[in-house]
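Note that the chains are named A, B, C and D in the order they appear, and that numbering of residues resets to 1 at the start of each chain.
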Amino acid sequence: MSEMTYAEAARLALREEMQRDPLVWALGEDLGYEGGMAGQYRGLQEEFGDDRIVDTPISESTIMGAAVGAALAGTRPIAEMRFSDFAMCAVDELVNQAAKARYMFGGQGRVPMVARMPIGIRGGIAAQHSQSPEAWYTHVPGLVVVTPSTPANNRGLLKASIRCDDPVVYMEHKGLWGMKGEVDEADQSETPLGEGDTVRSGGDLTIVSWSAQLGVTVEAAELLAGDGISAEVIDLRTLWPWDRDLVMASAARTGKLLVVHEAVRVGGFGGEIAAEVAEELGIPVARLGGERIPIPFSIPLEEAYKIKADRIASRARDLLA
Amino acid sequence: MSEMTYAEAARLALREEMQRDPLVWALGEDLGYEGGMAGQYRGLQEEFGDDRIVDTPISESTIMGAAVGAALAGTRPIAEMRFSDFAMCAVDELVNQAAKARYMFGGQGRVPMVARMPIGIRGGIAAQHSQSPEAWYTHVPGLVVVTPSTPANNRGLLKASIRCDDPVVYMEHKGLWGMKGEVDEADQSETPLGEGDTVRSGGDLTIVSWSAQLGVTVEAAELLAGDGISAEVIDLRTLWPWDRDLVMASAARTGKLLVVHEAVRVGGFGGEIAAEVAEELGIPVARLGGERIPIPFSIPLEEAYKIKADRIASRARDLLA
Amino acid sequence: MSDNLANEPARVAAMYRTMLVIRAFEEAAGENFFAGNVRGSVHQYIGEEGIAVGICENLRDDDYLTSNHRGHGHSIAKGAHPRAMMLELFGKAGGTSNGKGGSMHIADFSVGMLGANGVIADGCTISVGAAQALRLRGKDSIVVNFIGDGGINRGPFMEALNWAKIYNLPVLFVCENNQIAASTTTRLVTAGEGIAARALSFDVPAVTIDGNDLFEVDRTAARVVSEIRNGSGPQLIQAMTYRLRGHFAHDKAGYRDPAEVDEALKHEPMGRVEAWLRDNGMSDADISQLQSEVKAEIDSYVEDAMNAPWPDASLAFTDVQDVGAPQAGEAVQ
Amino acid sequence: MSDNLANEPARVAAMYRTMLVIRAFEEAAGENFFAGNVRGSVHQYIGEEGIAVGICENLRDDDYLTSNHRGHGHSIAKGAHPRAMMLELFGKAGGTSNGKGGSMHIADFSVGMLGANGVIADGCTISVGAAQALRLRGKDSIVVNFIGDGGINRGPFMEALNWAKIYNLPVLFVCENNQIAASTTTRLVTAGEGIAARALSFDVPAVTIDGNDLFEVDRTAARVVSEIRNGSGPQLIQAMTYRLRGHFAHDKAGYRDPAEVDEALKHEPMGRVEAWLRDNGMSDADISQLQSEVKAEIDSYVEDAMNAPWPDASLAFTDVQDVGAPQAGEAVQ
């Protein structure tokens, strides 16, 4: 066990997979010297060469499109988009090509690539650098969607995503780069895609969350514990496929479901989970997500967007009332 | 009253608005001679000139980006994308620029544009020409999302969208181009954005749908009527803002909600509506949407994707059972 | 496929035969579109056969090809089987994609045909990535991308030109310049001298040739392909040609002067190869023999396609993804 | 703003003052970033002041300008008020966007500044559309777009060049070539001779000038702007310059040789204008007087920004849209 940050854990995972498999490579802007926004690629270009850690021009469509071609041609590329906001410059290549090639061609080809696009609010980077569009990609057949929440699962999920034969939309959270946690370097196993994690057990209600919002949700669970309310908190970790069995079992037991995410509530993935649970179990459900506004720059405005622990706790109390 | 097709009604609306307001113009590929894929622009270039019906190169990013600039600069452009699938080549311009400009600049500018991008299955055009991504745009603050279902409301909603000061994602359905219906040419009024339409009243359950799926849903209601089940059918018409009051009132009265859409069920807008109703009313809800697969080409496969009237009826029966 | 030797008759006859197969395939595709047997958009390659055949004659099975919406000719020239392709157009089991893709998504990975594409210019970015993969895998194969003269105005193509050059990738861009994009005369929406000038501005060598002259295409491809295989980096060939039919089968192309089409017919590629074969010892009898043989072959594929079974509905739910795959049948309950 | 007359001292002094304002603004922005008063990314324009000032000196308030992530200098030169801009950087009420946008989204529509932009090259497509709007509205204004030498490799920019030319739009593209994009030496990721050659391949006239020479920028802009206003269609100016600081305030730029920076300092634009003013009758006293005056002005804006109130949280929910607007407060319950 050693302590490392979320970014360092990602770097470790990538390094291990690049050592394991010479066909794993990454392409994106400023990966070499800069080593990625948060150092998640640091030193890897020196170690593996500039044809496996490729510095590219500012050409998002081609970063993504080239990854599709490279995957169809037998390698395992990681297309680094820096921000999920910039990945919107390559939605066509991801959705019309990566997600559909295997199907359109009747299974002749596979697209084992990782489209890496950090999400979320980091503080003061405003509307074009703070979005959380994960719900979009859950709606696209062919894609797997992953949202790591800790150093340990960022390592395990990235390893699993690189090894996966499907195109994986890998969404780290910019606010978590510096988060510290224990990682067992000796353990080379993947964190299985599609498996949620019950990070706190409880019997009064089930709260489902993911990515950076998970931490806030756990805080809320503490607050609730103070009032004698025991909340079970599930970290979904993978949004597609999401761990339906885990969530249903928990919700069936507690009889109440609350889903919380940083992304805009309207059209967010919370709707999918809440609807599925309501359809199957007919229990009370609730959702918390961002208001339908672009992310503002100024501190008080940005704070007004965020879903704080006290709001989560009070929504939970309403649900139990 | 005169009978016309869905495409002719759209052409009528555009022609009327272009006559009314010299700052309304359209840009896209093959609008002049071809008159749009379904003739929805036919003859308008001769009438208004090629600087108001602009034939463009194959440059989707610029069609959308130019519309944003032209809107900020005081005109009312209509960016024709031909297929919502191709609009994915311009998601950045729509989501990062059109939707956010007014907000990022503190209200200094407006973006009164229509991003016109037909959705849906037309028969045999497969995975890259048949998608229904309307849910995506409901998730984007700043955007209005419209899905006309008849010639009459295609005319009225297009007029309202052109007059709207917000960027409107206008999603006609390719399968409806030839649909005939009565249109009152004398009536110049808009179909208000955000207002749903109760197309069939009933007391046993509420079925919400939109676009081409609405017709199939009405068929299903007929089938149900045969079994003595009276379904209320609501055509949402606008997805953002959606007519929450109308849906809640109906669902509260019938006590059961079913949402049906052609788009993929996972991550679809049905989840939003079902979740909202379940949260607010705690009544039984259900959703029907496409399986999470790309749209296949071959008839039996494409048919397997579609949500037929009998499936809707049987789901409704389960809900009442 | 054979090396580019002198134009010995047998080799030319073989290329001519492939051109005939493409022409006959496209005629049959069009007829069956109107007969209601083929749905969707059928973009015919009629009049442009010399380009695909002349280029692909100089490729190996392990070279990759990426195509666009008008991909039937490219696929046949690269070695995809026209029978499986015809079944695909009909949406039948046994089609290249088992009916999942249709006309705009023909592919045959076994001969390096990485797929036709319904989104203009996306094949360009896919190509440069495929070339990077070849380098990582230590292969000496190359990638050929076919793009139209309308497609060159999409940004991703221009990004791909820059990309291919800076990484010195083995990519051959072939711009099929038929002077039109759907109903749009491309000259009117294309600034400057066009694609060759643009390619040169990226330092990508570009040559403009008569795409209706099989021999010029073949000669040029032989040289350029070997240069690229030997490390020259990307190059571009602009092949001038003419789309003898509408944009797709159901386009009457009323936007152009019939006289223009009549004129173009004089320069179409088949006749010119035919003439050469006549001058080089092939008799009229041999030629019409070959033509009817090919016609019969394609007719038999149409026959097969008519009689072939539909894919089972459950196939709609396969080949999506390994992780989080849909439960087939769930929908067809 | 004034026409481009001879370089009479008063006019040059005015331009010099604007350059000083930009320099002082950027220094203050950086200091307050490190002091924790300004959040996010602060991309300083230090060393490139001559370009924005020389170009905008030749524009009218009703000409439009679109910018990129490095937009402070462009905004000030176009006439945005540095006080409102400083308040915006601090996220305070009274900022250009009332704190909603921050450094990367400075705009002042009252002087035709249509906004800085956080997405590289999106200003290019916005510009050509704004130019089409000007034509529809019968205005003789023009649109100026600033793009970096890294940004030229994005497809939308290349699409926009083609677009501007085919519609003969009044657009001036100004490529600020500081030879770097974040930590990437753009030469290494840019094929061919670069942007001027590319523009010419679209038949867009392009000229390369010393962006650190205010006089050359001013002279060139005077000519090109009037040609465009008189219907020449789009043109491009490549202004060679150097980014004296890191990519953004928190970038130490360890990827480049300090010697390179020292060399560049010899050619930075301020000193050269200063020398000219000295030769043309401005005393050292006048100059340092002007410098301290500007410094004091910017300091006062920082002071104002420090003391200005935060925007009310409810403002987060306004200016989104008219139809389907969020219910403010709902979130802050």
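The rule is simple: contacts are C-beta pairs under 8 Å (C-beta built on N, C-alpha and C of every residue); 3 or more make two chains touch, one makes a residue touch a chain.
Predicted, not measured: the structure shown is a model, and the values here were computed from it.
Considering the contact criterion stated above, the chains in touch with chain B and with chain C alike are A, D. Chain centres here are C-alpha means, and the one lying farthest from chain C is D.
With centres defined as mean CA coordinates, chain C is found 39 Å away from chain A.
One simple way to say how far apart two chains are is to compare their mean CA positions; for chain C and chain D this gives 46 Å.
With centres set at the average Cα position, the gap from chain A to chain B is 30 Å.
Under the contact definition stated at the top, the residues of chain A that touch 2 or more other chains are 56-57, 59, 61-62, 85-86, 89, 92, 96, 103-104, 126-128, 141-142, 240, 291-294, 296.
Multi-chain contact residues of chain D, defined as those touching 2 or more other chains: 95, 97-101, 105, 117-119, 153-156, 159, 162, 166, 188-190, 320, 324, 326. Contact topology of the protein chains: fully connected, every pair of chains touching.
Partner chain B is touched in their complex by these residues of chain C: 39-41, 91-92, 95, 97-102, 104-105, 117-121, 150-151, 153-155, 181-184, 188-190, 254-255, 310-317, 320, 324, 326, 330-333.
Residues 64, 66, 95-101, 105, 107-110, 114-115, 117-119, 122, 124-137, 143, 155-156, 159-160, 162-163, 166-167, 318-324, 326 of chain D are the ones that touch chain B when the two sit in their complex. Interface residues of chain B facing chain D in the complex, by the touch rule stated above, are 22-23, 25, 27, 51-52, 54, 56-57, 59, 61-62, 64-75, 77, 92-93, 96-97, 101-109, 141-144, 164-166, 193-194, 240-241.
Those residues of chain C lying in contact with chain D across their complex are 153-159, 161-162, 165-166, 188-193, 197-198, 200-204.
Those residues of chain A that touch chain D in the complex are listed here as 29-30, 32-34, 55-62, 85-86, 89, 123-129, 290-294, 296-305, 311.
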